[in-house]
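Look for subunit A in each of the two complexes below; its partner is subunit B in the first and subunit C in the second.
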Partner chain A sequence: MSDVLNMIQSILFSAFRMGVPLAFAALGGIYSSRAGIVAMGLEGMMLTGAFSATYVTYLTNNPWFGLLGGMIAGMLLAMFEGILIVRYKLNQVIGGVGINLLALGGTNLLMQMVWDNRGKSPLVPTIGKVNIPGLGSVSVLLILLIVLAIASWFLIYKTAWGLRLRVIGENPQAARSLGIKTNQIQYTAMAVCGMLSGLAGSYMCIDQLDFFSRNVTAGRGYIAMSIDILGRYHPLGILAGGVLFGAADASQVALQRFNISGQLLKMIPYLVTLLVIVFAVKHVKAPASLGKNMNEE
Partner chain B sequence: MSIVNLKDIVKTYPNVTALDHVSMKIEKGEIHALLGENGAGKSTLMKVLYGMTRPDSGEIEINGTLVEIQNPMQAINIGIGMVHQHFMLAEAMNVVENIIVGSEPKKNGRVDYYQAKQEIEKMIQKFGFSVSPDALVEDLTVGEKQQVEILKTLYRSAEILILDEPTAVLSPQEVERFFEVLKRMKSDGKSCIIITHKLYEVFQIADRITVMRDGVVTGQVEPENMIKTSVNQLANYMVGKTTAITNHAQERKVYGDICFEVEELSCKNENKVILDDISLCIRKGEILGIAGVEGNGQSELVKALTGLLKPNSMILKLDGKTVKGTTKDFIKQGIGHIPEDRLKYAVAENMSIAENLVLGYQDSEEYCKKGIMKLKKIKSMSAGRIEKYRIKAPDFKTLINQLSGGNQQKVVVARVFEETSKVLICSQLTRGVDISTSEFFYSLLRAFGESGGATLLVSSDLEEIFTLSDTIAVMYKGKIAGLRKKEDFTREEVGILMTGGRLDTGKEDHCG
Partner chain C sequence: MGKGNSNKVVILIISLFISLIVGAVVFAMCGYSPLSAYIAILKGGLGSRSSIIISLSQTMIIAFMGLAYITAIRAGICNIGLEGQMYVGAIAAAIAGVYIKGIPSFIHVPLVLLMAIVAAGLWGMLVAVLKIRFGANEIITAIMLNFIAENFTSYLVSGPMKVEGTVAQSERVQDSAHLVNLVDTPQLSSGILIFFFLTIIIFLIMKYTRFGFEVRVTGENALAAETGGISAKRTMSIAMFTSGAIAGLAGAIIVIGVNGRFIDGFSSGFGWDGIAVASLAGLNVIGNIFSSFLFGVLRAGATVVNRTARIPYDFIVVIQAFIVLLLGCPKLSEDLYGKIRKIAVRKGKKDE
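Up next, the complex of A and B:
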């Protein structure tokens, strides 16, 4: 009995830990989606962020610089995708998948070049924890996540910039006919999306783990996309979604003590993703112009 | 001094001169109609005024000052507002958000929704609108959506309003209300420009008329001459030759037997009733017009009757025989379809005229032998039809996407009229089509009736319904709200039924 309780407790705790990167990336995905751009490239931005954060930490021995590096790298990649889609009207799904493949190939190559190792990086220092009464020691980034989610809610629902962003996601022509500079807002949204995804990737390598390994994100960017759907593209909704998917991720670790094939367990998070997409999507209305590129007048 | 003075505007696109030295003046506080066919240049001219298109040359004066309008934002700042034909609204958001976006009142860094709402409520009162500020746009009627568009311009303190085909999508009652709003805006000193091709309503509302054709101004009617001007005179300015608008009222012929019969047609979509137990019948030679505000089930009705949609229940009989199966079976049994959205359902854009002319009939013996297309036959057939249906194209190899909307529709019409023998289901036949082509289509439709064909005609244009139909059915919320012989219906009565009202007398059963 106490065994089960222990397991549930450990799943809950790790649900929070595992949920943080998913929620960060999903939060980024909201900005992109609300600007009408499918957040297909989250995976690539996370992976690039993860690598860059590890590398900068490795160079400077300071994980905070690493965090900054991860965010900047994610942002640059997101801006690149933004330019392809907004300026050159590239199909959004193809653009996103391209970004992801580029990030995967790019980080593999760079790993080889920098560390001469195809599997993983050397160990690096990590970001510290803070002690919260009742919760024990938690990552500083968990606090940051909650602060950023609330700030995002304010930004998207209470400010003029947020109103404009939402209108662009629904009907960019309408926004443009009122003189709103849609491109500018879309680029900004992509930049924020990249920073948050970069943060998500950084968390994985310089907080949760203390090294970078080949394809460390392993599809979490795609999971973040489904968290966006589940959380109705709302910054507070995705916090809950993050915990749910974090729990799915954590349960596979917790269940490993039973005699179940590891391959089967690893499927759990992706299975949950699939189920969410099949059953939840029906009831969630995505921004109306999501995935559509705007035609010039 | 005129409030707007457009001088010598020239705008050319590759191969086309859209505006050829066009000049136009608008006075303060007037309703100015800009009349012309599709492609006459009226929309282009207004886009120039609104800064959406830069002219090659020409000048714009507002209140006597020379201005350069490079983008809509500048136009808005000068006091020009535009209500687009296709509404530019964020459906999932509410009325206030749609109106204020881009010019939000702010307080401490956040949008002051409270103040915005109050201001909008005041405007709603002042100009006699009926829309509620908190409603989601997706829940509004077409007329209310238009009100939101107008409010958007008024909120930005527009003094000059450009309205692009404002009455195209409205029911007669909504048109009345819209005209009322226009008059209030006029008495408030605002100047309104209405882009339209509806001749009759121009007389009803406009103080001054400018007519355009092929990128030039062909006629102008000053206020003092309004009474002296006839509809035919305006039509001549528009079309360029003396085409008297024919009077379509003809003596009624006796119809034949019942040809096409549908009963118990019901259709649900996610528990929402789209079509509710519809029964209709059409006799040989009869044109049954379906009137109604768009979105009341007409699209689904058409799809069910052409096999594109599987309704929850339907009994469909053609000449007494039950019709079942897929779209292909429907076509084979002689049900022709001219869909409302031709690019989606009627033509393949990147294929040639010839290929599109056999589309849907490609495996009939006429064009195909043991799976191999009879290309020679198709070529000669296509050449013949291009001529007969006056399709403007170099040859039958021309791709559909190189044709204008009107000519694309001619391809669809040519195919369907040539291949269909018994029943024609026809939706928005003349959408985006100019007057002379519309007249041509009308004559084809009548000829089809005289040869014994039965026609179901769905149109959001009430004039079209009254011009062509023998019998009129009105659809409202998936039901037939009324059905009578055309002679027994007035436009007002149809309008009442279209918007959910009731008439004292019930519907008659003309198949009984």
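Up next, the complex of A and C:
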């Protein structure tokens, strides 16, 4: 019995830890989705951010520079995707496939070039923890996440920029006829999305872990996409979603003591995501123009 | 029409050229001369009889995946679940191939293929059904089904179905389940005949049947199709079943043709190859054969240079990504082409 209680406690605790990168990326996904661009590239941006953060930390021995590097790399990749989609009308799903392939191939390639290792990077220093009474030591980035989620809520729902962003997601043609510079806002949204996803990837490699490994994100960008839907594209909704999916991720670690095959455990987060997306989110209304490219007048 | 086609060719050549330049940059970064690296890849892929066989074998699998992708995209669905469908088809083939015993080959082989078709087809159709029935986002369901298929088959061949030894793989399929070899190695089996047969069938269905017409209309505008009395939902479901079935067939051929068993994680991204070659072929089933050959040679050659010259195999994925992205935005290539021409013209004038 106490075994079970222990397990539940450890799952809850690590749910927060595992949920942080998912929530960061999902927060980024909100900006992209609200601007009418499917957030499929989250996976690639996370992976790129994870690699860059590790590499910069490896070079400078300072994880904060690494964090910055991860954010910038994520942003650059997101801007690249944004330009292809907004300016060159690339199909958004194809864009997502291409960006994620580029990130996967690119990071695997660079990893072998700089570290001469196909599997993982050398160990790097990590970002420090802070002590919070009642919760124990938590990552500084957990606090940053909560601050950024609240800031995003304010930005998206309480400012003129946020209103414009939401109008673009619903009806870009109308937005344009109102004189809103749709392209500019879409690029900005993609840049923010990339930075947040880069942060998400950085957290994984220079906070949660202390190294980069091949395809370290393993589909978490897609799970973040699901959190966006579950959290109704709302910054505070995705915090809750992050913890829920974090718990799914954490349960696979907690269940390891029961002698269950590793491959079956690995399936849990994917299975949970599938079930949630099928049964739990039937009536979520996505931004109306999501996935559609604007036609030229 | 003529102009449209020549434009398409220009875009194709530019995209391919840029992608190969990206590859060249990678080689240069690894400290190799790009030209000699490409020559080494070509030699590795086409230099000897055995390397040609490996190239053709890779071509066959990639071409299956390209065909599967084209079948779905024609109906308006981007099937990014090919990888998972391939695994499901392969494991179904392995189960039927290993555990059904004592039946003659001319029954066993078709039975194995049928199992793979049904299992992978249903796995593919699941994406469409979940979308239609529950409104579930098809990108997410397809990707999750990929991960589930990959991990579950991995569990099967490292647990219940595992052969004795250290490698995670199934037992060899029964002799009666083996595909007939065309040459002396199993690499190039009669699977390639199945592929050509399938290409012709798909081509004919798309071009001449009522169903092919319905698929095209659905792909262009699902709403208009519904208005015109075509059930877009039914068409999409059938297209996804077919697409999944073709990917599963490729998996089955790997199991009973190429490898003789299910090896854990055998696919090195064949599903994504399929998307790249289909894009390169302009979603044309005949063009698909040629673009697949290009990738087959690249893959086979890359394996060789990876061994001999320490060039990471993953450069292929980067080239692939650029092909997918660049061919998806023809306007970009047109712009680039325009710029290049302007510079060329200016230079030409200077030279005069």
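General remarks:
What we mean here is this: the second predicted complex is superposed on the first by the 296 of 297 C-alpha atoms of A that agree within 3 Å, B and C clash if a C-alpha of one lies under 4 Å from a C-alpha of the other, contacts with A are read in each partner's own complex, and residues count from 1 in each chain.
Criterion: a contact is a pair of C-beta atoms (placed from the backbone, for glycine too) under 8 Å apart; a residue touches a chain by one contact, two chains touch by 3 or more.
Just so you know, these numbers come straight off a predicted model, no measurement behind them.
When the two structures are aligned on the shared chain, A:164 is found in touch with subunit B, with no touch to subunit C. Shared-chain residue A:264: touches subunit C; no touch with subunit B. Within the superposed three-chain model, A:178 lies in touch with subunit B and out of touch with subunit C [touch as defined at top]. By the touch criterion stated above, A:288 is placed in contact with subunit B alone, subunit C being left untouched. In the superposition on chain A, A:128 contacts neither subunit B nor subunit C. More subunit A residues lie in contact with C than with the other chain of the pair subunit B and subunit C.
The touching residues of subunit A, when paired with subunit B in their complex, are 154, 158-160, 163-164, 166-167, 170-171, 173-180, 285, 287-288, 297.
Here subunit B touches subunit A in the complex through residues 47, 52-53, 71-73, 76, 82, 84, 88-93, 97-98, 100-104, 106, 109-111, 152, going by the rule given at the top.
Taken in their complex, subunit A has these residues touching subunit C: 38, 40, 84, 88-91, 93-99, 101-102, 104-106, 108-109, 112-113, 118, 218-219, 222, 225-226, 229, 261, 263-264, 266-267, 270-271, 273-274, 277-279, 281-282.
Of all residues in subunit C, only 26, 29-30, 78, 80, 130, 134-137, 139-141, 143-145, 147-148, 151-152, 154-155, 158-159, 272, 275, 279, 312, 314-318, 320-322, 324-325, 328-329, 331-332 touch subunit A in the complex they form.
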